[in-house]
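Shared between the two complexes below is subunit A, which pairs with subunit B and subunit C, respectively.
Now for the complex of A and B:
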């Protein structure tokens, strides 16, 4: 075993770098889904659409900026603008017009409604952006590459992949933890998550908190899409790919658990990267193998808590 | 209108009609000239493969309009009825039956997905309905069974993989290592099996340093790119397409993978306009046929230009290979009806007569002529070239193109592709033609 590690230490090092970037993207999408479930108790299938629309919007704004001859760093402004726009416009619209009507209803109805929304938003994407791949990689090119030593060779990594993605994911994790535990609004969100009835009885406006949380979650999904957009080609169906993986993260992490989502994303990111090097056939199933392994030992998820059933 | 009368007649004379239908079979029925020629077309209208399916649908709409303006086929206007094949083969099988039984289509164009075609061809046998396989590439269709009503109006997987391999062996004969990165589904796996079967006999001893089959629709290839950078293969093969290929090539370009290895990309033509200058020069590119928009010596240059210009004018983008494949299906249909109507002295052909006209048919495309073999497989030449840039196109186009005659790179009738490829010898390389002038 020790010999194997010694022989493959260089490759494992590369896998670690790839895994961190991969984990960062997975975390950004899954954490929004997890937050929304924690407060709204709704498994939002349309979360994948918010990711996709965030990505498309970021690419469109970026392309618009590029066409106007604006400097390449404005590509980063495009990423933020897209996330804010989706969180501030689409999030409240969905929550007010649709989700508010199904709080407390049966899970299957909630799933059906959010799935219907997902299907509608998929068609909206095709109507607006068409079916051909859309690309905008100005943020990636702006920072260039960094050569990582690999024996006598070097391996070029994009600085975006090495620093920007993990950096933003880390800031998001720490910022969310601080926000939820150290600010009044954050504590109110935690109160509603823990016991909505008691929180309402104490004068908390639960409707406002759910609106705020969903919009914030939508913004996080859009930010995940926006951050992914410089590295990928946007095509119909990327929302569906994303939501399946996000559900695996949320189930493994424990519903509503931010730190759990971070740890799970890290496990999945590293697991997939290592699989690509040493057992590529398993790369696709790694997230689900991790999920099954965790749920067999801790059915409530890594950080989940067992809830007392309310009669 | 025709459908309503038929239903009424069927209700009034239920017993007699049912009996005659039961014993006569649809293939032998006499058919009058219909008021319109309905063509069921299955294509991807949603999902990731809609990058091919929607442009093909656009091409169909453009060309059907043109044909109808010119008087239709035998004076009968065409009406396409589109069906989305994205929901899967179970859904498609039901849709195939609906198209035949409820919509009364005279023939069906099916499909992009090989899985869809494998599901539809047995139905064409059962329902005796002429089915034009307009885009799918699996070699299994005609190698594993006989389908008297199914015809493929373009090439298929074997020549589309063998031609780029032959080009590589001509262009870079001294390569020693190779990596493959294909999508994890039937085409990705099958195309690798075809490639490896031929490579092992045409150039024995090549070391495969990485075999990767990322999830279909994968949104990130950074880890795979890192592995390829570390492995430094002489050649990287990828038969991927659509958004997957665009993502792979963009990430490869950003990290200078194009500088380390020669890519062989048999299905990359539709991605080139999207990639623009991101695609590097000097790599081997294919288009599943001979229908490059910059074909240096097309059979009918005016027709090719007219099609490309009309498509660009209407949709503001270049036609990609599924558009050309759709055009080929329509050309074949026109030629088959003309042949069948002539054979019947001006009468309208029934299903069996139409299928008979397709067998052995030769029809013209803007770039060449395609002949449908006795097994129903079309013989389409393959053009492979090296990616390059010129002032005419804002994206990579091939140069130093080699035209591989279809008969040279297609599996002989009655043989299985993998067996045939394994039986080739290095002498086969002497048959590779010289590059096309121009």
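Now for the complex of A and C:
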């Protein structure tokens, strides 16, 4: 065992670093999905499309800035701009025009509406950005790399993936926890999540909260995409991949807990990147194996609360 | 009820006439019938209020069973039951685990199993040829090896025959006490159990039956396309099956076939008209159906009769 670690310390180190960066991105998407599900009670299949569109928009804005000869740090402004734009434009548009019409319908219909939206957005994305890979790495190059000592080896790792991605995920986690527990709007969101009827009876404008939450969730997905855009080549299908991964995170974590979503994202992100380095065939399988194993022991998810059964 | 049988007979006749009049439609309609059989399984689970977002795994199991076994044994009359049995067996094994979960967990666990199967099919290149997929070897039907044109008709005929068979079976099953109990799972499961009905066993039976029909549907798809790729197991394919169920309407055993035919026709024509945006058109159709005709095609038809 000891020799195995000595021989593979470099790979293991890379896997851990990659896993951390990966987990940060997955968390951004999964936490938005979780939040939206809490308030709307809809599993939003199109959430992954928002991630993809966020990524493409960020890349486009970034490339546009670069073409205009703006300084490289403007690449970061591009990332934030993209996330805000998607959250503020697409979010309300989708909630108002589409989702609002189907609240209270059967779960299946609600799920399928978002699936239809996913199909539409997938093609919109192809029409706007084409099928050729799009990539920008200005934000990645701007910060350069950091040499990390691992035993006798040194791993050069991009500072962007090492500090920026986990940093933003951590800020999101802490900010969200503070927002939901300490501010009035946040507490109102929690109230609507817990019991919509009672919250409405207390005079809470549930329609406004729903709009707000959905747009916020959309913005988080887009931010996840925007942050991911410098680290990968954007091709059709990234939305589809992202959403199934976030489904796995949300189901494994159980519903409602944001800290739970963070820990689960970390677990699944690390598990996946370890698989990438040591058993690449099983990269895609690992998140689901973790999910099945967890649900086998805890049917309500790692952090979910058991609901009382109604008669 | 009589009208339903009449419509089924008329529909079957219309399919045969269409397949005969427009030869290239035969392929599309055979696929539609195959998917319709698989969607019957989705329909059963929808009765219990459960959405399987991973049913494509059973199609994949059926299709790959066909592709793997065909070089060893080319007799369709043996291959089809084998595909059905393997899918049903797999359905039983994971069903024992899945029926403990409801709603989002049920849907997501199905998705998880389907994704595991998908990536195994994709990654284990030595066995499955990865994304290249496997060509289905030449098949024989009751000992004969007909030429291509005849064979297409035979596969179409088998699909139509099995569609009618499974349609009747599902109708019979849904009217039986076991089938009625499914609706109980949707409304209040606890009440079922107070009456002494084991809810999990009721759901398990439906799940295994739906897996079996998924396997048959997948085997028929493999017989028609003669080539299977992992794409058949991807989660978007599962989404399409649920889409078809809602498009056709969950109110009748005819719904899946109405839905599947409409779906495949829209897909073919949309792909021909605007190659880059057929998904968008399908998505648009789905939205229109859900917002303006929540009962699906079947709902529209049956409302007309009542009026």
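Just so we're on the same page, the second predicted complex is superposed on the first by the 285 of 311 C-alpha atoms of A that agree within 3 Å, B and C clash if a C-alpha of one lies under 4 Å from a C-alpha of the other, contacts with A are read in each partner's own complex, and residues count from 1 in each chain.
FYI, a residue touches a chain if its C-beta (ideal position, glycine included) is under 8 Å from a C-beta of that chain, and two chains touch if they have at least 3 such contacts.
Worth saying up front: this structure is predicted, and the values here are computed from it rather than measured.
Following the overlay on subunit A, a clash is recorded for the pair subunit B and subunit C. By the touch criterion defined above, A:282 lies against subunit C but remains apart from subunit B after alignment on the C-alpha atoms of chain A.
Of the two partner chains placed by the overlay, only subunit C lies in contact with A:45; subunit B stays clear of it.
In the superposition on chain A, contact is made by A:118 with subunit C only, not with subunit B. When the two complexes are overlaid on their common chain A, residue A:229 makes contact with neither subunit B nor subunit C. Contacts of A:133 after superposition on the shared chain: subunit B is touched, whereas subunit C is not. Of the two partner chains, subunit B is the only one touched by A:157; subunit C is not.
By the touch criterion defined above, A:98 reaches subunit C but does not reach subunit B. On subunit A, the surface patch touched by subunit B in one complex and by subunit C in the other comprises residues 122-123, 126, 280-281, 283-284. Of all residues in subunit A, those touching subunit B in their complex are 10-11, 14-15, 17-19, 21-22, 25, 122-123, 126, 130-133, 135, 137, 140-141, 145, 150, 153, 155-158, 161, 228, 231-238, 241-242, 272-273, 276-277, 280-281, 283-284.
For subunit A in complex with subunit C, the touching residues are 37, 43, 45, 98, 101-102, 105, 107-109, 111-113, 115-120, 122-124, 126-127, 240, 244, 247-248, 250-251, 255, 280-285, 288-289, 291-292, 295-296, 299, 301, 309-311. Interface residues of subunit C facing subunit A in the complex, by the touch rule stated above, are 46, 49, 51, 53, 97, 100-101, 103-105, 107-109, 111-113, 115-116, 118-120, 122-124, 188-191, 194, 234-236, 239, 242-243, 246, 276-280, 282-284, 286-287, 290-291, 294.
Interface residues of subunit B facing subunit A in the complex, by the touch rule stated above, are 46-48, 50-51, 53-55, 184, 210-215, 217-220, 222-224, 226-227, 229-230, 232, 242-244, 246-247, 250-251, 254-256, 271, 274-275, 278, 317.
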